[in-house]
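Attaching a single structure in structure tokens format; questions to follow.
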Amino acid sequence: GCGDQSSGGGAGGTRDQIRAVGSSTVYPFATAVAELFVQGNAGMKSPIIESTGTGGGMKLFCAGVGAQYPDIANASRRIKKSEFDDCQKNGVKDIIEVQIGVDGLAFAESNRGPGLKLTPKIVYEALAANPYGKGPNKTQNWNDVDPSLPAIPISVFGPPSTSGTRDSLAELILEKGCQSDPAMKALKDENEDEYKATCTRVREDGKYVDSGENDNLIVQKLDKNPNAIGVFGYSFLEENNDKLNDIPIDGVEATYETVSTGKYPGARPLYIYVKKAHMQAIPGLQGFLNAYAANWGPNGALTKRGMVAAPEDVRKGSAEAVKSLAVLDGSKLK
Amino acid sequence: MTTKRLPTDWKSDVMRNRIARRYAAERRFRLIGLFAVLLSAAFLAFLLFTMLGNGLRGFTRTEIAVKIDFAASPLLLDPNAITDEALSNANLPMVTSDAVTKALGADADDWVSPTAWIVLRDRIKADPKILSRTETVTLPASTEIDRAAKGDGSPEAEATVDRLKGAGLLTTGFNFNFLTASDGTDPTQVGIWGAFKGSLLTMLVTLALSFPIGVATALYLEEYARKNWLTDIIEVSINNLAAVPSIIFGLLGLSIFLNFLHLPRSAALVGGMTLALMTMPVIVIAGRNAIKSVPPSIRDAALGIGASPVQVVFHHVLPLALPGILTGTIIGMARALGETAPLLMIGMRAFIATPPGGITDPATVLPVQIFLWSDEVSKGFVEKTSAAIIVLLIFLLAMNGLAIYLRNKFEKRW
Amino acid sequence: MTGPAIFLLLAGLGAIAWVSARARALRLQGVARASGRRDAVHSLPGYHGWYVALWTLIPAALFLAVWANVSPGLVTQDVLSSSAAQALPADGFSRSSILGEARAIATGAQAGAFNPLSQGLVQPYKDAIGKYGLAGAVLALVLAFAGGAYAFTRVRPDFRARTRVERLVMASLLIASLLAIITTVGIVASLLWESFRFFSMVNPIDFLFGTKWSPQSAAMGYGNEDAFGAVPLFWGTIFIGAIIAMIVAIPLGLMSAIYLTQYANPAVRRWMKPTLEMLAGVPTVVYGYFAALTIAPALRDFAVSIGIQSASSESALAAGLVMGVMIIPFVSSMADDSIAAVPQSMRDGSLAMGATTSETIRKVLIPAALPGVVGGVLLAVSRAIGETMIVVMAAGLSANLTLNPFASVTTVTTQIVQLLTGDQEFDSAKTLAAFALGLVLFIVTLLLNIVALRVVKKYREAYD
Amino acid sequence: MMHEPQTLVPATETKMTARDVNVFYGDKQAIKGVSIDVDMDNVTAFIGPSGCGKSTFLRTLNRMNDTVASARVEGTITLDGENIYASSMDVVQLRARVGMVFQKPNPFPKSIYENIAYGPRIHGLASGKADLDIIVEKSLRRAGLWDEVKDRLHDSGTALSGGQQQRLCIGRAIAVEPEVILMDEPCSALDPIATAKIEELIHELRGRYAIVIVTHNMQQAARVSQRTAFFHLGELVEYGVTSDIFTNPRQERTKDYITGRYG
Amino acid sequence: MMHEPQTLVPATETKMTARDVNVFYGDKQAIKGVSIDVDMDNVTAFIGPSGCGKSTFLRTLNRMNDTVASARVEGTITLDGENIYASSMDVVQLRARVGMVFQKPNPFPKSIYENIAYGPRIHGLASGKADLDIIVEKSLRRAGLWDEVKDRLHDSGTALSGGQQQRLCIGRAIAVEPEVILMDEPCSALDPIATAKIEELIHELRGRYAIVIVTHNMQQAARVSQRTAFFHLGELVEYGVTSDIFTNPRQERTKDYITGRYG
């Protein structure tokens, strides 16, 4: 009958494979580490990495402690206060936060494209549903936003509202562009909700195209449609530089350099979150974390896959976290 | 009734025109039919052709012959104590990359796959004596070289390929690894076996559940249930299940199989059960239609010589309805085989590098694998994606083959 | 005693029961038959065999199913009371994982111990598992014997064994159809419950008649009022799934079925039908890429060339056309089967009146095959409505209320998937909206089905 | 109108009785208060104009009307004194005991052999393949079909000519050795020779089985039956000794029908 | 054996001729070298034992055998001098001109009205609804069914009794006003009154249409036909004036069959 493999009946069950869930951005790096981990630890079963998107992963991660819940959540943004509270509520008390690297939110166009140059302000004004709270966005062409830009229709392929990448777009670019208006800054203190809505809501009239969670599709669509621009992770830009050109933001191109130093406005940290309670119960979990630490350096295997290494001091902190298993303090989260 | 009709005058112009028109309509109708078949077939041919065009390359891989002097290489290995552990600590990646640069030049490290050392590991494991020899080993080429060798790379890479080819070091061969390996992160090393096995197990579970239950339901509703408003409701709601978005079945699977029954996440068992929920209505609907079209006189004949209702059904109705039931099964299973959405909910959209050993082990399935690979960063995955699609279609063909054979066997006209 | 061993033993017992009961019935019936009256003998000996075999197997199997769920608890209790268990940590998950590991080693599912503590528990586990396994096996065998013996004594020439066995068959058919019904009920119940929560946050009127759909703005605290107007989604669904896709699928599917059953030579049909069925099995990602990268740009260029400047590279038309191709087999195969099932005498009757083949098809065969044809079309619509990947890739995700086939639209199902994957909070209106959408979809298709059932009932022409 | 069955020529054992039977198709009454006795030793013929309810009544005798959803039967019908509409009645066994040949030939889409063998198989009447072969041959011979099909026993039963199909169905029914045989115009598709064979079969079976035959052929009714029932518009107009009915009908309607002076 | 048709009682116009016709089902030959003429003014009856090929031959006369995949026809058959198997022959028109009633009644699963109206509609024989109503009523009357079904013209044709179904099919065939009518045992499911009506119809139609009727009933053949063809084992054994065949058959086999001394 059932109950022989996973659930040991009254015993609550065990598991001999590490399980990680979460961000599709982190997914390729997590799988790479998983592979290295298996190769370096003979006899270990390969960890299972699920790509659910950051939010979905957090939801699963925070559901509880035990064999049926994942050990690790991958995230392309920091854990939210609400998610942390959810974890606490479900008994996931001690969470270890490890920043594994940095990713750039790249803007790209076909290399047959017009050669746009953008700023957060322009992007905000082109994409916001309701720029500065002054009524619906009526801009049609880029030159409606800024006369220096060519007269081609605005058409942006980007991540859907459910992904961490979209959260990053809102936080790193749109909000920044929005804050170019001092009134908005003031609004932030007055009415957080309205501020959020005004600054991060994206127009829905077809100028911004949600493209599912498939970045290769965006790449191909850009190739077919030279006037469109796409928003996705830096690694895709790097891999497809034969087809795509980078669009500089504030005059800064997304390169390994600029992203890793944080000079590029679209740079964002990548995290993994680990349950401390599982460290003792799941074989190889510590080894898996060590495999991350061994490969996240500037010449490590992860950068070969398109990840950008975190600055030296961040890496040091993360390595410390992996070693000491220091627990995340929820009070500083947003 | 006084009007005496004479035999119709078929030679009159009116009648002639009429017949001509009817024949024209007949020809048109027939042509439209032919056109429909050809058009549908053309779509399929086009799809298959494109996929074969892109995918066949996925079944080959480029290899580079490298001469390695094992004796001289800095391997930390005792030929008499080759264990998995020792091998994983033997610093093989370094050794490989050294050997490659030594043999082919300074940039050659980028020409072979980053996981080429696995080949060395396997060789040593198979024959430890190799450690005291110099041996030519064929290592898988890196994605860049592989693509260039298949005529789709950067100019530099193509120049390298030409050079290596000239030296007779570069070969392209059938990629057996693709058929035997599982998911990975290096496109030159990935394989389809894990996902294939996952699909196989999942489909077995789906078939084992949905076919008997679907057929039984169809039989019960059509042959035994009393026809009243209740059966009407049941009929309509089962028809309706076919229109429920598949992801809702995923949710149901999540809440019942995972959260309530505590079955293992990502397992073929749960995937199969979830897909069975989705496939069942299709089988029920097709089954009922097929059962309906068995002429009542056959039932009368059997009942008339004293067959019990159960015998009537199993001896006569079911065999006669089987072709239709199998049609439903084929299209239902085909859909299940290609389905991804409900499997996301139960954790099958995952990186699973070991093939499942049984239906309770974590597994992924072909369409999910295709979906995951189609979103991979590395371009080397493009041809692997298409190759995986070809494998899926072959799977589909094989699966349908049996059902189609049975269907043709049972089909009767009366 | 291990699971497979018990299974084999029971199967053996069942076989013995079958053979011996059959033999007994055969003998008794031989005597009874010789003595005259026909109703002295009721069922075939084989049915007696099944009757006794089932009595042997079912009680024992039921018991084992219960036992398999009860005994692990008993085993764990036994192990916990052993001395080695006193050293276990108090913390729940570590504790249970040690126990689990020990059990895995004891049953041979795992080779070595990861946690040193579990090694000590292996022996207690082995003992306890052995003990309860044996107990279970013995009880099961006793039950099997008891059941078999009871049934065996009932073997008489005129015992209605067939009726009993068939009653079981009927019961299992009934249970099977109940399963299908329970699935429906499960889906409806979960949809209803979550939708109810949704509608306590969002006014149903706004939801059903609102024309603006932007759930993420609601998620960003922009208010629920005009974020959840589902009309554009309904329209998109109908536009893509029920209009454009059907314009492709129904004529192509139906005409293919007609051509293959009535005109093509049987060998062609034998090959073409399964070939077309492959269209249904091509993974939707493939169709999605095809629609997004081949069809959609071509359509956009075409639209621009005929002067529709607003044409977007995501279009309802691209998604609908490709979806239509995908569901051709649903229509063609089901229609094919039901047309082929119409008796030859109907065709003969019509042809002998001087009807052409196409007249025969249109006026006699199709009406007679109507239930199957409508069933196939309904399945096809259902499939089109349920499809997501093609829409996401080729029609985009923007909820537009437009008649323009070159514009980007989205569908209910696609939105459900978007809302349920990625960031999900099961208490926000945004996620719950998925259930409300699901419910509405369910109700709409339900109405569609009811209408179809009525139509079929009214126009169906029952032959024979 | 005379509903009471009369005592007949040879004093015989009554096999089936019907009392006040009404049959409805939905609202439409197809049989109106029919009472009749079927004898063991006499062949009973049902005659009457088309649509008068002969088939309908025949089908009530082995409960084949159960399969017509709209059909409803009232009254009592017994077989060997047992009410066949009682809930304790095993319908399956009833139909094995009361065999039926339908008006439209309805062979199974199986081989000729399988068509005949089916009944003996499900009732366990053959102890082995050889036995079954014998039964098949005997039944086909009795049905007068053996010579025509002996070389193609494994061809489909549906590829036979109309008359052959009907004889196949007769063979199929008698292969089960029923106690009562209901034949709904068994000879309508048959030529005189085949008809003669079936009539001979009826003569041969008479006495061992109770036989009811529906026929439009007065000569046939006169030839094969000892008792004749005349139906008209769902009513049993007259029931009696065949020779009486044909030579000396008591009812005007019967007389008109017999002499062809009807309608 | 005599294949040559004789000159018959009234000198008449020959409507259809068959010369050396062979029909095969796969390898099996069902019709062997049959030559026959069908007259305009005479009713021709086909008689012969079951399975001898009557239906098969009848079906070659309007090319219904085209629909049986395994069937193959050799020889020449003409209608008004035109070879009906010529490629220039319009099969649709042929079948409209040569109507057919099948052995097993096969009404369409449509209403009674629609069953009759079907033919006139597809051939455009009615100029409007009223006209069609007239045709339907007339055809049903001629087929002797009108009184039984006039109140339920919109019920399904399949819910009729066997005999009613057969008459419906006859009505359906004559509604098209064909030139030749082929009837395959049209009365086998009919009672004497309905049979008499059909025979009367045949008499009435005679002279205007060429009529071929397959029957097992010698009396019927004698009553309605002027010429009779006797088939046996796929061969045309004897063809001649009906009264001659019945009173003075030339062939031994015919005599044996007619007198029932067969088999």
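Labels A, B, C, D and E are assigned to the chains in the order they are written; within every chain, residues are numbered from 1.
Keep this in mind: a residue touches a chain if its C-beta (ideal position, glycine included) is under 8 Å from a C-beta of that chain, and two chains touch if they have at least 3 such contacts.
In this text the structure is predicted, and so the values were computed from the model without any measurement.
Common neighbours of chain B and chain E under the contact definition above: C, D. Path length between chain C and chain D in the touching-chain graph (shortest route): 1.
Any chain touching chain A that also touches chain C appears here: B. Ranked by how close its mean Cα position lies to the mean of all protein Cα atoms, the top chain is C. With centres computed as the average of Cα coordinates, no chain lies farther from chain D than A. The greatest centre-to-centre gap from chain E, using C-alpha centroids, is found for A. Chain A and chain E have Cα centroids lying 83 Å from one another.
Mean C-alpha positions place chain D and chain E at a centre distance of 29 Å.
Centroids of chain A and chain B (each the mean of its C-alpha atoms) stand 31 Å apart. Distance between chain B and chain C, defined via averaged C-alpha coordinates, is recorded as 18 Å.
Shown for chain D are the residues in touch with two or more other chains, namely 92-93, 97, 104, 122-123. Shown for chain C are the residues that touch two or more other chains, namely 162-163, 289, 343-344, 356, 359, 421, 463-464.
Within chain A, the positions touching two or more other chains are listed as 2, 5, 52, 213-214, 217.
Contacting chain pairs (ordered by label): A-B, A-C, B-C, B-D, B-E, C-D, C-E, D-E. Contact residues of chain B toward chain E in the complex are 1, 3, 5-8, 10, 14-15, 18-19, 22-23.
The touching residues of chain C, when paired with chain E in their complex, are 266, 343-356, 359, 363-364, 367-368, 461-464.
Note for the complex: chain D touches chain E at residues 25, 47-51, 55, 103-105, 144, 148, 159-164, 167, 184-185, 188-197, 216-218, 257, 260, 262-263.
Listed in rising order, the residues of chain C touching chain B in the complex are 162-163, 166, 169-170, 172-174, 176-177, 179-181, 183-184, 186-188, 190-191, 251-256, 258-260, 262-264, 270, 272-286, 289-290, 325, 328-330, 332-334, 336-338, 340-344, 356-359, 361-362, 369, 371-372, 375, 378-379, 381-383, 385-386, 388-389, 412-413, 416-417, 420-421, 438, 441-442, 445-446, 448-450, 452-453, 463-464. Those residues of chain B that touch chain D in the complex are listed here as 227, 296-309, 311, 315-316, 320, 412, 414.
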